[in-house]
Each structure stands twice: as structure tokens, then as C-alpha cells.
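In order of appearance the chains are A, B, C, D and E, and numbering begins at 1 in each one.
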Amino acid sequence: MALSRRIQEILSWYQSDTPGVRANLVRLLNTGALRGTGKMVILPVDQGFEHGPARSFAVNAAGYDPRYHFGLALKSGCNAYAAPLGFLEAGAADYAGQLPLILKLNNSDSLGGPAEPCSAITGSVDEALRLGCAAIGYTIYPGSSGRNTMYADLRALTEEAKRKGLVVVVWSYPRGGKLSKEGETAIDVCAYAAHIACQLGAHIVKVKPPTAHVEQDAARKVYDKQQIAIGTLADRVRHVVQSSFGGRRIVIFSGGEAKGTDAVLEEIRQIAHGGGFGSIMGRNAFQRPEGEAIALLRDAMAIYKAAR
Amino acid sequence: MALSRRIQEILSWYQSDTPGVRANLVRLLNTGALRGTGKMVILPVDQGFEHGPARSFAVNAAGYDPRYHFGLALKSGCNAYAAPLGFLEAGAADYAGQLPLILKLNNSDSLGGPAEPCSAITGSVDEALRLGCAAIGYTIYPGSSGRNTMYADLRALTEEAKRKGLVVVVWSYPRGGKLSKEGETAIDVCAYAAHIACQLGAHIVKVKPPTAHVEQDAARKVYDKQQIAIGTLADRVRHVVQSSFGGRRIVIFSGGEAKGTDAVLEEIRQIAHGGGFGSIMGRNAFQRPEGEAIALLRDAMAIYKAAR
Amino acid sequence: MALSRRIQEILSWYQSDTPGVRANLVRLLNTGALRGTGKMVILPVDQGFEHGPARSFAVNAAGYDPRYHFGLALKSGCNAYAAPLGFLEAGAADYAGQLPLILKLNNSDSLGGPAEPCSAITGSVDEALRLGCAAIGYTIYPGSSGRNTMYADLRALTEEAKRKGLVVVVWSYPRGGKLSKEGETAIDVCAYAAHIACQLGAHIVKVKPPTAHVEQDAARKVYDKQQIAIGTLADRVRHVVQSSFGGRRIVIFSGGEAKGTDAVLEEIRQIAHGGGFGSIMGRNAFQRPEGEAIALLRDAMAIYKAAR
Amino acid sequence: MALSRRIQEILSWYQSDTPGVRANLVRLLNTGALRGTGKMVILPVDQGFEHGPARSFAVNAAGYDPRYHFGLALKSGCNAYAAPLGFLEAGAADYAGQLPLILKLNNSDSLGGPAEPCSAITGSVDEALRLGCAAIGYTIYPGSSGRNTMYADLRALTEEAKRKGLVVVVWSYPRGGKLSKEGETAIDVCAYAAHIACQLGAHIVKVKPPTAHVEQDAARKVYDKQQIAIGTLADRVRHVVQSSFGGRRIVIFSGGEAKGTDAVLEEIRQIAHGGGFGSIMGRNAFQRPEGEAIALLRDAMAIYKAAR
Amino acid sequence: MALSRRIQEILSWYQSDTPGVRANLVRLLNTGALRGTGKMVILPVDQGFEHGPARSFAVNAAGYDPRYHFGLALKSGCNAYAAPLGFLEAGAADYAGQLPLILKLNNSDSLGGPAEPCSAITGSVDEALRLGCAAIGYTIYPGSSGRNTMYADLRALTEEAKRKGLVVVVWSYPRGGKLSKEGETAIDVCAYAAHIACQLGAHIVKVKPPTAHVEQDAARKVYDKQQIAIGTLADRVRHVVQSSFGGRRIVIFSGGEAKGTDAVLEEIRQIAHGGGFGSIMGRNAFQRPEGEAIALLRDAMAIYKAAR
């Protein structure tokens, strides 16, 4: 299958990478309903680890079974499915070769813990290879006092993953330290977080949709003086994409808390309009009944397809 | 010996594992009075380390001798015997090949120590291989501020154990941090702890029998709204099993403090009724005279056998 | 030389160990005046490190010279000589092959330091091999908040030592944390400390002679209820030996501070009467003039010989 | 191409290094408008990581694209281009072999973090080799309580880089601990920081232009008594160069905050007059429009060329 | 060249060491004006790192150039020259094979830092080999709360150095923790510090000349009771030498702060009279004009030569 022009263009941004990494990047981009468009919708299911099983799966009890999510991602035409070690292990053999997998290498639970946010390392590059994954995923918390450790751990994992042919996806969530709660999704902070992930060598960056709030005084002066447009979500997405190496890195956005279908789709329209590369949609997908979830995911994909 | 249908079904959940791991899983499931049923009763003796020798063995002084426990597990028809390095080392040669052994790789003493609970690492995967074990055991304390270190240590041990063909058994005991004493056995916390162990790659999870208390506010809303049944121990066991990858991981329950025979057996009936895979019974076994202990263990096994 | 029945019996407790380890165990048991009896008297000289040179050697200035202690152990018929790296290095070539050596792998000084007791690692298994030692020695402080690190370090050293054919001797001295000063030698704490050392894989355990004090409330209930005899030192030694895997591990006792000859020998009589395997006698030996020290060590050995 | 006398002289200072290191040193010195003069102007672009993307690139939006900076360095005739992993990765293939690259191995962000300054490690020597770099760069903060860790990390990276043929460039920025804000650029502190970098094995040292302030009392006595000239920037540069192994190490100076063209060039005249080996000019270059930036960089190079 | 009797005697103390280590010990003892005498005078220049360049070299500006110190050591007939990585690297090629070098593997600066003294590791055994050194040097601070880390680091470096044929020189400077300022040079503390260095495996120990102050109560009782002579510096040096394995380790003394020629030489007379093996003289040498420094070093050597 010949690669589309857009895929060829995207690959041109990753010329420092090996054929192995680029082959897996193609696997991610050429799978599902959005194959060949350069857009992506990914299903992530780490909420069981992050919030506990009942809060994650009771509303749609089919989701307790790890195989359910492989099936949901496949039926809805997602580009990939991302989860922690246990969840992938419990279905990777059944679904081997049927869709790209992303092994989340670190995770947090919400049963207590250190004052400053820092995830536990729960997987490895070799485990990702053992399970046939196309990529590793890793979460950093810029702003946290533990970030130097997270950056250093990610650095080592990234070097190993690239050497072994895996794509690196970084969840960049500012949190902790001097940041206000509102500041965690501020446009200056979000753009900065995306830039840091790119500088750390991420192939794909995942951030939250930013608000129009500007957190840092030193940044506000620049946003005002240079009249950087941040009025609409589309504006802000455009700024985040520009902050990610001038648009030469894939940046996707999460949907955040479960919400109504209209709100989800409107957000995606804005992301698509602003040049975002796609969405990673977890709770809004797997907490709906399967039919509804598939419909929503396909609607989201249709928006991205139309936005090319 | 052909495998029973139930064993074949259980093995189907572990298809991501090597033949080496699955062979040891079969050894654990096809040993003793419950062989072939998919149920398990395991004898664990780490109380000498955890509470001291006199508190553990004075009441039945035969237990000071490490060989006693090998014999007890064998005579009563347990699926396996679990203990720390020293206790296994002191009998592994005498009982080589006679019953599956589980090397507990971390342990705590009660002579003082850090404010937050965290066990010391006291064994290794290679030591488990040297002693002819079928599995490693490891305790995590979800909720403790030291949990990131425990998860990361377990992750590395799990990767090594799976590569070397050993089964991974995780004791998941919420403790420390923001958790109340009552919260340590709360149903939401217990189900969450079992889920975390599964996500970390455990083949077999061991938790305490949960109470009807719900610890976390965010969880309570869901338990209420989704009307999750937690009224009886059987209900709660069922919920914990469901939280463990929809019942596709082996979950067994501890008996806690020494108590009367009736209370022990009633608890086991509830566990069996709720779909629990078995029990791990320490003090309630080895602190009774040998004859009584064997009788109690056999009664427990009979309940599980009948519950299939 | 054929092994005595007692040595054969002792070796039967260590069947999980390699021929290399068992050969060194035989070297330790078949050296000196007590050879073949299964009893041991060891000369340890780490006081220079622990208390400083003048406090250790000024009273008998011959002891400043490291060779003196090799000679003293040899002339008096000790089973082995134990010391830190520097002291062994300074005589190991002169005395190569003449008596079993034990390299102490960790040590403390008394010039200040951390609030919680924790020894520095000052040697390695490979250094022990280089110097021709039969065993390594390591001190743990159960009760200290640093104990998890000590246990983990000992675990790794023990695994390496056993793989390389060395015997592991553990000094188990409860100290720090919640323990009272009196509690450091309490019978419950001392028996517990011996048990922990055994669980950590020690071949030979060294503890202090316990007092009749019971430190822990939870333990006191058991000592009372089970009427564990702790009235005489012989009773307490018997309990400590039983707590060390039902007597299937070698447990020896230190003499503590320098004291009069009668007091030393009376203590040894009690230890021997209670089934203790021997003594490790430092300051009471090397701080006496050589002739007196040799006489005292021989008297101690005579007591153990008679006690078989 | 035969080496100029000056380059041969400079190479004579690095005779302890391998031919591989010296070859890369020649690559750095024999590139661009200043080739053969022994002077250097380097373009560093780590401000995106350090201050965020908008504060760094909004004023000249072409700079969001990582390729822009490769082009700017090449067109203006810089000796080398220095940046973090991500920025280099995004252009290294396009510009392979066209100009020497320096991989910055550690970086800080300004989103919060530890009280004491300490950069995160964000690259490795092997990554520098993978990207075809001539050198690694590393920032130390003398004065910070985290400096021992930084020195030790740099030491290991330096040993590896030298073994693998890479030049080591050290940014030495006193910061933290007991230092006053004014003290960070004090002449005594700056000369000390340059000396430390040399002692740690740096081939090229980068410091800030020092002020006439003397921070340390013990140093002030010596500056007064020995009448060390520190009145002009040229004097101070001369003292810093002398403090760097009597002028036998390459010392270059940063320009600090963005400022007017005249101020930049006057500072460079002083640096050149004082015997400084060159400048590293970031924000003053890439935040100007490309034409202006090239003109400014060329003017700076002309000053250094004239100063030979 | 046949070895002198004294050198043969000294070598007899190091029989546990390899021919490689002993060859380097001979190189150190058989170089310079004191060759063959068993006495040593070493030139150390780490003051640039410890106190900054101006405080170290402004008074005799020739010393900014690293080659100066190689020349000074060579011309004055020193046994060896000791310095940190950068200083050695900058002259090792020019002076290869002309005099024994000692690479200082750890260093402190005085720009601030941790409350408790602890040096940064700034070199490695392999770097010492690369530069053609005969020995490594390492500073410990007994008494500091960081001493366990220092001892453990030294232990590993010592094991590696001995395996690779290098001599180990330990600077033992009590500092920090409970020690008073006066206590840092107290006779009991100084003798203890020398003993610790020996126990850690040092071949050569370097301490400060001790005062008659006794710091520790437990030690004072012994010094009084045993009537240990500490009245003169010669007495105290004799006690320190005895505390260093009964005189079977090489112990040398530093001169401390720069002072008058008479004071320096008088101190050396006392050290020689007390049986000290030599001096390590830094600031008192390189801060004098070269001619004066050579004269002073030669006078010092003459005293040691006469004292045999």
C-alpha cells in the first residue's frame, strides 16, 4: 500500500529516526477509519489504575473485562489502544496483530501518596516489545518538584525505545509545584508542556485542551505584546501545535471528564479547526454502552476526516 | 495427565505468558486436594518474620522447625507453601519436588521502622529458581507514600520472573497515607487494590476479605448510583473478582487473625459462594495442633470443591 | 579426615547450600580446639573501627599490630578470626591458609553520624575471596528505620556469597527506632532478631546474651500465656536457639563489654547449658595480656567441649 | 587543509585527549566565518525549554520551527549550533554534516520545581553520537546544594564523551545556596566557576560576563592585596581566562538577556579585548528578524577576527 | 635498581596486594630526593578547586598554569604530584613518565552547598589509568553524617584501584556532625581518623598534625589511664603512626595554612622525630616564588633524610 502524501509529509519530520520507528509510526497512522489522513483517535484505558475499577467500569460493566477495550478500539476504527501492562497483557495474545498497542509505562493511583505528583513506573520497553506494541506511553508532570526524575526516566526509556524501534508518546500534564489548579490548563502552561515533551524527544504529544487563562507573569507580557490569538479553543490549539516545533510533531488532545455527546463533539470540532492531529478519548468512550461509544468515536473521526 | 476443562479455561486467561510460566501455573493448580478444580488453598508462613517467633510458634512449638510447615502443607493437600528465604531454604532440599513453593521476596518486621509502611526486599528471582520454586510472592501497600518504589521494584521482579518462567503472586494490602484503619479493608479500597495488582502484571492476587465500608467519597457516589451489591461477604468477593479483569485473574483471600474454626469456615463459604478462587491460610492453620490444622484445611478445601 | 557425627548432623541443616559453602562451613567447624564438636569460639576484632584505636588497643599495645590478632586466634585454638578489610589485609598473606577468616563487610565508627544507626559498607564478597576468607560477616540493626536498606544490602551480599561458596555470618543487634535501651537485649527482641537473621539466609547468627526483660506488649502476652521459660540465661539461650529455626541454625553469643574472668566464664557456662553453639569474644580476649587471653579462651572452649 | 598556527597552539593544550576528541575540536574551530582564528561564535537555542515557546519564539515566529536555527547558524557563519535533544533531532538529518552540533545534555524549565537549582538530564552521549554531534554540553550550578550530584553526573558523562571522541562544553553558572543574586556574576565567583569547570575536565567553558562585584570575603582580601585588575570588563575577562588554567582552556561568554545591538557589540569588543575566545549568543540572535540576526552575528565575528 | 632494605621492609606490610600495586608503591617511594629512604614529600594542588583560583594562585601567578606544578614537583625532588582531573589532564602528556601522579577523585568547592561536608566525586580509577597515574587520592570526613556514603564510595574505588594496580591514598579529615572545631584536630580524633582510613584499605594515609586536645570523653579516660604520651607533636605523631596498624601503614602529614618557613620546618622536624613518613605540602610550596619553594621543599626533605 502506497503511503498518502500527508503520511509522507509527516514522516519527513522524523528523519532522525530509524526505519523501525518510522514503520511503527506508519502502523499508527495507517490503521482504522482515519488511516492515511494523518489524523488519529486513540482509545486509552488507564482509568482503572488511576481512579479504581468501580469508578471506571461499573457504569458499563462490560469494561471490567480487558478484552472489551481491544474490541471497542477495533470496532470503532481507532488508530490505537493504550493501557497499562496488566490490561494489555490480558488481551494482547487474543488481538495480536489486529491493532496497534501503546503500553503506558507509568501510572498513578488515587489511594494517597506523595505530596508532589509523580507516577510509578509500571512497565518497560522490553515488556512493550514482548506484547507486540507499536509504542510506549509515558506521563510527565511539568511543574512538579519530581519532574527532574520523570524527565530523566523518560529520557532513558526514550533512548531505549527509539533504539528498539518503538514510537514514543508523551502525556504532558502540568501539575504540582507553584502551579495553581487553573494554571494546569492555562494556554501558556499547556503550550510550554507540549514544547517540553517535544524537546524530550517525543514523537507524539498528548495535552489537555487549554483554556484562555495565562498563568505566568513573564509569559503574559509576551502574549499581550505579540498579540498571540488565544480567544477560541481553535486559536489555542493552533498555538499549542505551533509551539510543538512549528507543527512538525504530532499533537493530540484529551477529552477530560465524561460529558455529553454534543460537548465532546464541539470540542473536537475546535481541535480539528485549530489544526490538532486528533484526540485520545477514554472515559467518554468506554463509559458509554458499546453502541453509543462506537457511534461517538466514529462521529469524532468523521470531524477529523472532514477537517483535512 | 490431561488438564481439566476448568484449568484449560484458566490458562486461556494467561496467553501472553510463556510456556514456562504456564507450566508453573499448572503445577500450582494441579497439586493437592483441589487439583484440577481451579481452586487453591495455600499455606503461607511469614509470621515469624512479621510478628516474631514466639508470637508465631510458641502456641504450637513444632512450628519453630521450618520443616514442619512443608509437612503440614503436604499432608493437608495444599496447592503450595509460601515463605521467606530462610524458611524455604531450610526445607527445600528435603522436600524438593514434593510440592510447589512460593518465595516471598519482601517482608516487614514489627520492631519499629519507617513511618510509612514499606517492606524490605529479602529475596530474588534467582534465589527462587535456586530453591526450585514455582512462584514468587511480593507484598504491595497501595496508599503508602512508598508505593511508587514498591510498584517499581515489583515491576522489575515481575518482568524477570516471567522471563524465567515463574508465576507472580501479589499480596495487595492497602495501608498508610490518607487511608483510615477501617479503610484498609473497605470494599472500594480492596477492589481497587486487587485491580492495581492485576494491572502490575500479577498472575495471582491475594487480598483481605473486604468489609461493607466505603472509604473514598468519589467511589461512594458510584457504588450508590450503580447499586453495586456489597451487602454480604459473598457480594463483596464477587465485586473484587469482577474488579480483577472481569474474573480473568486468580484472586484468593486471606483469613486474617487466628479465630475459631466455625468463623473460619463460614468466611470461606462466603468466599467460595462469591466466586473467590481460594484461601491463603496461615496462623489459623499452623497455630493449631497438626491434626486440627489438617482437618481445618481439608474442611476448607471441601467447601471450595463443593462450590465449583 | 572423616567428619564427626555432630558435624554431619549440622551439615544436614544446610542441604540447600552448594558444596562450596558446605566446605567452608566444615573449615569453620573443624578448626581449632573445638574442631568436630559443632561448637565454636571466634575472635572478632572490629573495635578499632567501632571505638577507635586507643580505646581498643592501648591497654594491650601489642594489639595495634594487626598480625597480633591472627596469632592470638591461632595460638588459643579459635575456630576463626573476624575483622574489617584493613585488619585482614594486613595479615592475610602472612597467615594464608592457617586459620579461617571472616571479613566483616560493614562497620560503624563512633565519631558522630546519622541519628538512626546504620553501618557503612566497607568490604565486598570479592574482597573476601581475594583475602582467602571462609565467610563474610554483616551487622543488621533490627528496629532501626534504616533496616530495610540493611536487609536489602545483606540480601544481595548473601546471594552473591552463597553463589561464590562463602558462609554468611550475621550479627543481629536490635537498635534504634522505637526500642528502649533496655529493649535492645530483651528476650523477645533478641529471639526475634535471631529469627530475622535466619530468615534473611544467615548460616551463622550472632546475638547478645538476652536479659529477662520483655519489650513488646504483644509478645509479653504470649510469653505469659505459653509460659515460655526465661528465668535463667540458659533458659533464654534455649529460647533463642529454638527461635532460630528450631535449633537448625548455628547461633553464637557475644560477651559484650570487658569484664572479669569469672563473669565471662559463668556467662559461657549458661550459654553452653542452654544449647548455645559458642561465643564470639573480642575485647575480653585481646585487651588482656596474651597469656591471660589464651588461658581465658581455652577455658571457654573447655566449657563448650564439656557441654556437648 | 593545513591547520593554522593558532589552531595548532590550541590543540597543544589538549594533548591528553584522543585523536577523536581533537578531530572534533578542530571541526568546531575550523567551521564558519572564524575558522582558523581560534575564536568561536556559537548559536545556542535552549530557551524554548528554559523559558517556554512563546517567550522564546513569538517575537520572531520563524523560530518555532527547529530547522530555522540550523539555517541561521549556517548562514551567519557560526562555529556550531547547540540545543536540547528534541530540537537537534528535528533537523539533524536535514543538516547532517553541514555544521558542528552540540547536544545540551541537561536542561531546566521555569514551571516550578525544587528550591535549589538543578537541571534535569535530558540527553546522553550515545544520543549525541546518533545525531552526529561534535560535542556535548552540560550546565553546572556551582553554589547550589545539588552541585555534588551535578559534578558527579558531569564527571561520568565527560569520561564517556572523551572515550567516544566528543568535545565537552560546560556552562558554569553559579547559583543557589549562600550566593546572593549579585554574587552570581561577581568576578571572584565567575572566575571560580570557570576554574571548577576546567578542573572537571571541560574542553570549552562558557560563563557569563562578570561584574566588578566581589562576593566572598576571603577572596576580596586577595583581590585587594594582589591588586588584581577588575575595573573593566576586558580586565575581568582577562582574569577569568587566566583562572582557566592560565589561558590554556577555551573560555567563551554568553550575552545574557536580549538587548540593543550597540550594547551587544560593545560587550563583545570588551570580551575580545580581554582575550576571551568568543561568544555564545542565543536570544540576541534568534529573537531578531533573520537578516538583522545574521548581520549582528557577522559583526560579532568581525570583532573577534580583528582582535587576533 | 635494587630496593633498599627500608623499601623492602615497607613492601612487606603490603603482601596482600598485587605486584601491580606494589610496583606503583615502589614508584612513589623510589622517586625524587627521598628515593629509597621510605620517606615521602608530596606536592598536592587542589586549592584552586577548594578555595578558588585567585585565593590560590594570585600571589604567585605562575601557578595558574597547570604545567607549573608538575615542574615544581620535579625540580624540587618530590615523590609525587597530586591534583584533580583537570589540572592533571592539562600536563600529564607533557610530563608523561617523569614523575608519579596521584589523581584526587573527590573535591569540594567553597561556594556553598550542603550543611554536612561531603565532597563531590570528580574522577575515576579509569581516568587515573588513562592519565598514567600511580595512585588515586580520596578524602573522607569521619564524623560527617554523610560519611557512610563516602566510606562506601571509597570502598568501591579502592577495590577497583587495587584490582587495576593503583595505590590508594586517603586524606582523612574529621569534620561535621558532633565534632567541635577544635575536635577536628584533637589527638584522639586524628588517631581514630587514621585508623579508619587504614581499616578501609588505604595504602597511604594523610592526616593533619594533631593537637593535644582530647575530644571524646570515652577516649580521655583511656588516654589518662594508659598514660599515652601526647605532650609534644612528636609524641602525637608517634601515637597516630602506632594507631595506623602498629606503624605498618605509611602515614603522612599536611602542613595546613600557609605560614613562615621556620614554623613549617619546625613542624616537619617534630613529624620526622615522631616517626611520621613524610609531608604533603601544598600552599606552603606553590604560593612561594619558585626558588623559595624549591629551597623549602628541599629543606623539608633533608630533615626527613636525616631522621632515618
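Basically, a contact is a pair of C-beta atoms (placed from the backbone, for glycine too) under 8 Å apart; a residue touches a chain by one contact, two chains touch by 3 or more.
Bear in mind that the values here come from a model prediction, so they are computed numbers and not experimental data.
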Next on the checklist: Once the contact rule is applied, which chains count as partners of both chain C and chain E?
Outcome noted: none
Checklist entry - When chain A meets its copy chain B, do both sides use mostly the same residue numbers (more than half shared) or mostly different ones? => result different
Checklist outcome for this item: Note to self: chain B rotates onto chain E (CA fit) by an angle, in degrees and to the nearest 5, of 145
Item to check | chain A and chain C: spacing of chain centres that average the CA atoms, whole Å | outcome: 58
Checklist entry - Quick one: chain D and chain E, Cα centre-to-centre, how many Å? => result 36
Checklist outcome for this item: Touching two or more other chains in chain A are residues none
Checklist outcome for this item: ring traversal (chain A first, then chain B) gives A, B, C, E, D
Checklist entry - If you look only at chain C, which of its residues touch chain E in the complex? => result 48-49, 51-55, 58-59, 61, 64-66, 68, 84-87, 89-90, 92-94, 107, 109-114, 118-124, 126-127, 130-131
Checklist entry - Tell me, which parts of chain B touch chain A in their complex? => result 13, 15-16, 142-145, 147-148, 151-152, 155-156, 159, 174, 176-179, 188-189, 191-196, 198-202, 216, 218-219, 222-223, 226, 228, 239, 242-243, 245-249
